[in-house]
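Next up is a structure, given as structure tokens.
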Amino acid sequence: MSQPILEVDDLTIEFQTGESSITAVSDASFSIEQGEYMGLVGESGCGKSTIAKALLGALDKNGRIVSGKILYEGEEIQDFTEEEFNEKIRWKEIAMIPQASMNSLDPIQPISRKALEIADAHTDLSKSEALDRFKEAFEIVGLQPSRISEYSFQFSGGMRQRAIIALTLFLRPTIVIADEPTTALDVIMQDQVLNYIKKIREETNSSMMMITHDISVVFETCDTMTVMHSGQVAETGPVTDLYDSPTHPYLMLLQDAFPDIRYPNRDLEVIDGYPPELTDKADFCTFVDRCPWAVDECSQTAPRLESVTDRSVSGDGSDSTHKVACIRKDEVPQLNEERKRQGRTTADGGSDEGDLP
Amino acid sequence: MSRARFFVVRSIQTVFLLWVAFTGLFFFFRFMPGDFTNLMLAEGANPDAVAEFEERWGLNDPLYIQYWRYFMNILSGDAGMSIQYRRPVWDMVNTRIFNSFILIAPGITFAYLLGSIYGSIVGTKRGSKLEEFGILPLIFVGSFPAFVTSIILVIIFSSWLNLFPTSGMISPGRQAEFAQLEWYQRYLSLEFVWHFILPFTAVMFRYLYLPTMIMRTSIVEVMGQGFAFFHRITGISKRRQLAHLARHASLPVITVYPISMTRALGGLVLIEVVFNWPGIGNTLVNAVMVRDLPIIQFVFFLVAAYIILANFLVDIVYGIIDPRVSVGAEDA
Amino acid sequence: MGVSAIRDRISSSRDHYIWEDLKEGVLTMVETRSAKIYLGFLLFVLLLGLFGPYIAPYDAEERLRGEGGELLRSEPPSLDHPLGTTNNGYDVMSRLLVGAQPTAAAGLLGGAIIITIGATIGITAGYVGGWVDNVLMRFTDLVYGIPILILAMVLLTFFGMGFWSSVVVIGLILWRGSARAIRSQVLQIKERSFVKAARATGASTPRIMVKNILPNVAPMAVLFLALGIGGTILIQAGLAFIGVVDPFVPGWGIMIRNAHQAGLVGSNWWWSLPPSIMLSLTVVCTFMFGREYEKIASGEQTFAETK
Amino acid sequence: MTDELLLQVENLEKYYAQKRSLKEIALRKEKDPVQAVDDVSMEVHSNQSIGVIGESGCGKTTLLEVLMGLEPLTGGDVIYRGTRMSEFDREDWLKYRRNVQIIFQDPFDSLDPKQRVRTVLYEPLRVHGIEDKEQRAREMLERVNLGPPEQFLSKYPPQLSGGEKQRVAIARALILQPDVVLADEPVSMLDVSTQAAVLKLLSHLTDEMGVSLIYISHDLSTVSYVCDSVNVMYLGRLVEGAPTERLINEPQHPYTQALINSIPIPDPYHERETIELEGAPREPIGLGEGCRFRDRCPERMDICEKTPLDTEISEHHQTACHLYYDHEDESTQVSTGGESQPRESVPADGDDQ
């Protein structure tokens, strides 16, 4: 394996709100290889969108990177200025499908003009070359190329989203960040968008970082995933490894909390409590208050991200990319098995065997 | 709807509105109690004189004939005779209209330019002391009665510092000299500028807060929009981003501009009275005191027409800036 | 029966928890320092309105003469006359104190008329909807186009230049802003799920109006009451200054007019400036207090922060 | 518990008149109405939980609002314990409103920000003149796991988290001990971890209290967790209805098949075969005759220009699709959507997907 395209290394991001500060990301690390699709998963507010913005140097004004590194092709970019980001990173290298992308198009600017503006800023393509490329991209996402000069308000919601995807693709970036690309869409629409994303994979060799709270989308479209809880990376690795042997309690519970259409009678797991609000870099496991197997130690030190070697399914146990941040990582799977065997009574009370058909 | 059609439709609507306002005002004044004839009676004029007066002014004709006559006269530029001065109304107000206009239009426009710039500076400095307190003095001045702003200016700059005259457009001693000049030459003289500065400042300061506040809110809102973020991450230059933001943020300011232009009319009357400025507001106040109906009625029509036309202009400008208005949004 | 007993009775007979809410309401009103300052000044003006004539050092209607019997014309401020005298020998300080009354009265009456009409029209149009809404809003649009000072000026000269009539004329026009704003807020609230939930459990329309709509509109109504009070004072003073209002009701507007008519605005600044400042501060404080209050009371996080 | 027929929806129809501009009114230009709900029939028995799924804009929320009496129906009827909604008098309405409750989608919107939790829970009791308010409110809060109740009674909704708000909303819906609870996407605004808790709570409480549930959502995976049977809605009509597992495993209507196949599976080894369904549903205006799904249907036939009949293809499993009945006897089989009673017909021979 070569050097990863993108490496995030012990990244900590803080927001200043009035007198106090909030730590949104706390010592997070993960990496993405050329052509790899990675899913970044977590609840709302866990810091996943913040990381995406940081990769593009587009944090809100009150946010700043306190420590850690972001390496793009080996170069440290975390301290780049706005101009450096414009020149070296944005859109040519890393492009982003923002959250709520339906509202991301300027309503008083024709879409093609936005494309020209982007091309003008990052390439020396002529006007007609740029438009040709953009038409191509329009076709990939299933829009009529003849409509590129229309205003966004002349498009339906789904079409706007696709137009944004076209804008993201047409300069052929190395990495595409998709921030909740399917949230708020109906399943059929979601499926359409996911199909376009798969199509991008066939037609380009971009990498993708897909941010979502929906692990089923990640399991379907991504090669690897990174699970975050309240600013910390809990577990990262190939999706199959994480599916087969989840090692962080959060991921275990999350998997069981997620409804699966194939097993409508399965009992859903409940994750009690809420993630803590961090005012400083976390020096404890942020999942401690919600974890059924927490011990005192968990609240005394932040767990390091370490390879899961002992039960690696992928075969090469020595250099596993499956990593987890849990000090009880060797015991937890066992405990989970036991718990599942016993069947557990949740805080909701009542029997687990519902009277469902 | 095509743009051209949008403009044509708005033009027709505007002409129709003008007619409605004209007609409404005509009947409004016909049904007012206490007009000039009553005033004559109250002052002890004998009924025969009043009858003769009514005869001469055609007040005994059926209403629709009066209406028709007035309507045709207005179309041909004849707004009737002032009862008090026995002079054509048009002759009495034409220069006055310009005197008012030269006060209000540059005053408000300047306030909007200044306010927009200041507002966008304040808006982009979110959370700073400037955002918190920078706009307060403007709101204060904006809440003052217009005549108070003027009076404070007079006290400070005329009375204490002795820099500017307290009233008038031309010093009384030089009236005759100026009467010789072509009308436009009067406005090009230093004498005029010297008199102009204080009332102009009063208008500007009084109406500075609204554009500032709207621009501030607007810029904050636009910066929070999805497309602002998108512009940023697509890596286009700062200057281009600002241009996009400014175009959006200016939309609400443009909408409010004619509202200020029309709302300022009330304030303008007061400012004219304080400075004894020979404008339409002063004319109206004098006419109202003696119930000189032809003048009042014509000034009212001017005010209505002014409001209607200002709104029309804004719609046109808006239609050019924002295609959603003129092209019309449709979901594909 | 002590206060606590009454309180117990109220809270046991009807579980309204009035005291809790009332306390929170008052706390909301003075939550920020600026709100305290604005409210403080307004209370001060109100007190002047009530007791001004009693604390005035001289009779406001008396033309004062000096020791030699000569009229004290245009005396600059001195220890005897802290704000000097007018050209006719009236004591400015006394006139200023007495002038608070008409100003405050005009504001309160005007504000009451404005919010009554505005809220009635706004809530009716918003909640009833349909053609009622259409008619009421077209009417509001029409009133909206009126340049109030100019129309009021004409109406007053034709119908008589009374003090109270001036306030009523203003009230009858100035409700337009509140009607529009309140309507649009009612429209929003009406569509929110909690109102639907109330309807779905069988609550009657009047009940929903009182229990759900009014409490949620209240902060905005208070804002427009404040704006109405300020607006009335502002325009009434303007009319007084122009001279279409009864000159014998000695409000601050009339004081300024007299100074201006005498051509002494600049030279007798002690005469023209104090009423100008009092007038302006009163208007500013009502506006600002209304804004401040609305900002706090409608921000739904407030109670969370004060707990 | 006895199996009692509580609520019967009979060919329910809800059309909205479109807003016309002044010009159109003057020119007497008619506009086609919005056919939000069209010819929908279903039954709710006691202790039953029924799901209604469909894409946004398919009319499911309108269906709920009509059922709740928030919007008047324009055709068909709703029959509650034998009384027709179209003939309800004041008393009937009050009874209905006490026994049929609703839970809304957005927990941030469904509680009055100016009312304390206490007031929120007392209001329904006051409206229906029930005395032991405090007792009931406390009990209800404990049941929805908001204990101890004192901690919550005096709070304002903005002080609660999303999950807590939705629990209060559930408590409000159940405090009158209704027969039927309608739930409009109750978990779609919540995080996965909270979502599971609320779903579980809803499922337990309805079971425990013997309340029937109509659960509408666009998300079959949450519906399947709570409901015994599921109806699929497309453009104002029900296209298929079956017991949950049967619907998931053997969907018959092409739309249901597409819908179920679009749901991503949280399993990286699972290869999902997708049915590419292009475009989006039409606007529900001027739909006319014919199957509503025909323009997007991969199985489209000529006969689809006629409105398909609701057909029972096996026990408790109906679908309205021309694929599933014998067209020999067309003259009597194909209706324009009048009758409610589905006829016996030959089920399609096991072409399970």
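Worth a mention:
Letters A, B, C and D name the chains as they come in the text, with residue numbers starting at 1 for each one.
Keep this in mind: a residue touches a chain if its C-beta (ideal position, glycine included) is under 8 Å from a C-beta of that chain, and two chains touch if they have at least 3 such contacts.
Note that this is a predicted model, so its numbers are computed, not measured.
C-beta contact counts were set side by side for B-C and C-D; B-C has more.
Centre-to-centre, using mean CA coordinates, subunit A is 54 Å away from subunit C. Spacing of subunit B relative to subunit C, judged by their CA centroids, is 26 angstrom.
Each chain gets a centre from the mean of its Cα atoms; for subunit C and subunit D, those two points are 51 Å apart. Mean C-alpha position of subunit A lies 33 Å from that of subunit D. Shared interface positions of subunit A, defined as residues touching 2 or more other chains, are 156. Because contacts link each chain to exactly two others and close back on themselves, their graph is best described as a ring.
According to the touch criterion at the top of this document, the contacting chain pairs are A-B, A-D, B-C, C-D. Within the complex formed with subunit A, the subunit D residues making contact are 55-56, 145, 161, 191-193, 195-197, 199-201, 203-204, 207-208, 218-222, 224-226, 228, 243-245, 248, 258-270, 272, 274, 276-278, 280. Across the complex, subunit D is touched by residues 43-44, 142, 156, 158, 186-192, 194-195, 213-217, 219-220, 239-240, 243, 253-255, 257-262, 264-265, 268-272, 274, 346-350, 354-357 of subunit A. Against subunit A, the residues of subunit B that register as touching in their complex are 126-127, 225-227, 229-238, 240, 244, 247-248, 321-324, 327, 329-332. If you check the complex, the residues on subunit C that touch subunit B are 145, 147-150, 153-154, 157-160, 230, 234-235, 237-238, 241-244, 253, 256, 260, 265-267, 269, 272-273, 276-277, 279-280, 283-284, 287-288. Subunit B meets subunit C in the complex at residues 32-35, 139-140, 143-148, 151-152, 154-155, 158-160, 166, 262-263, 265-267, 269-270, 273-274, 284-285, 288-289, 291, 296, 300, 303-304, 307.
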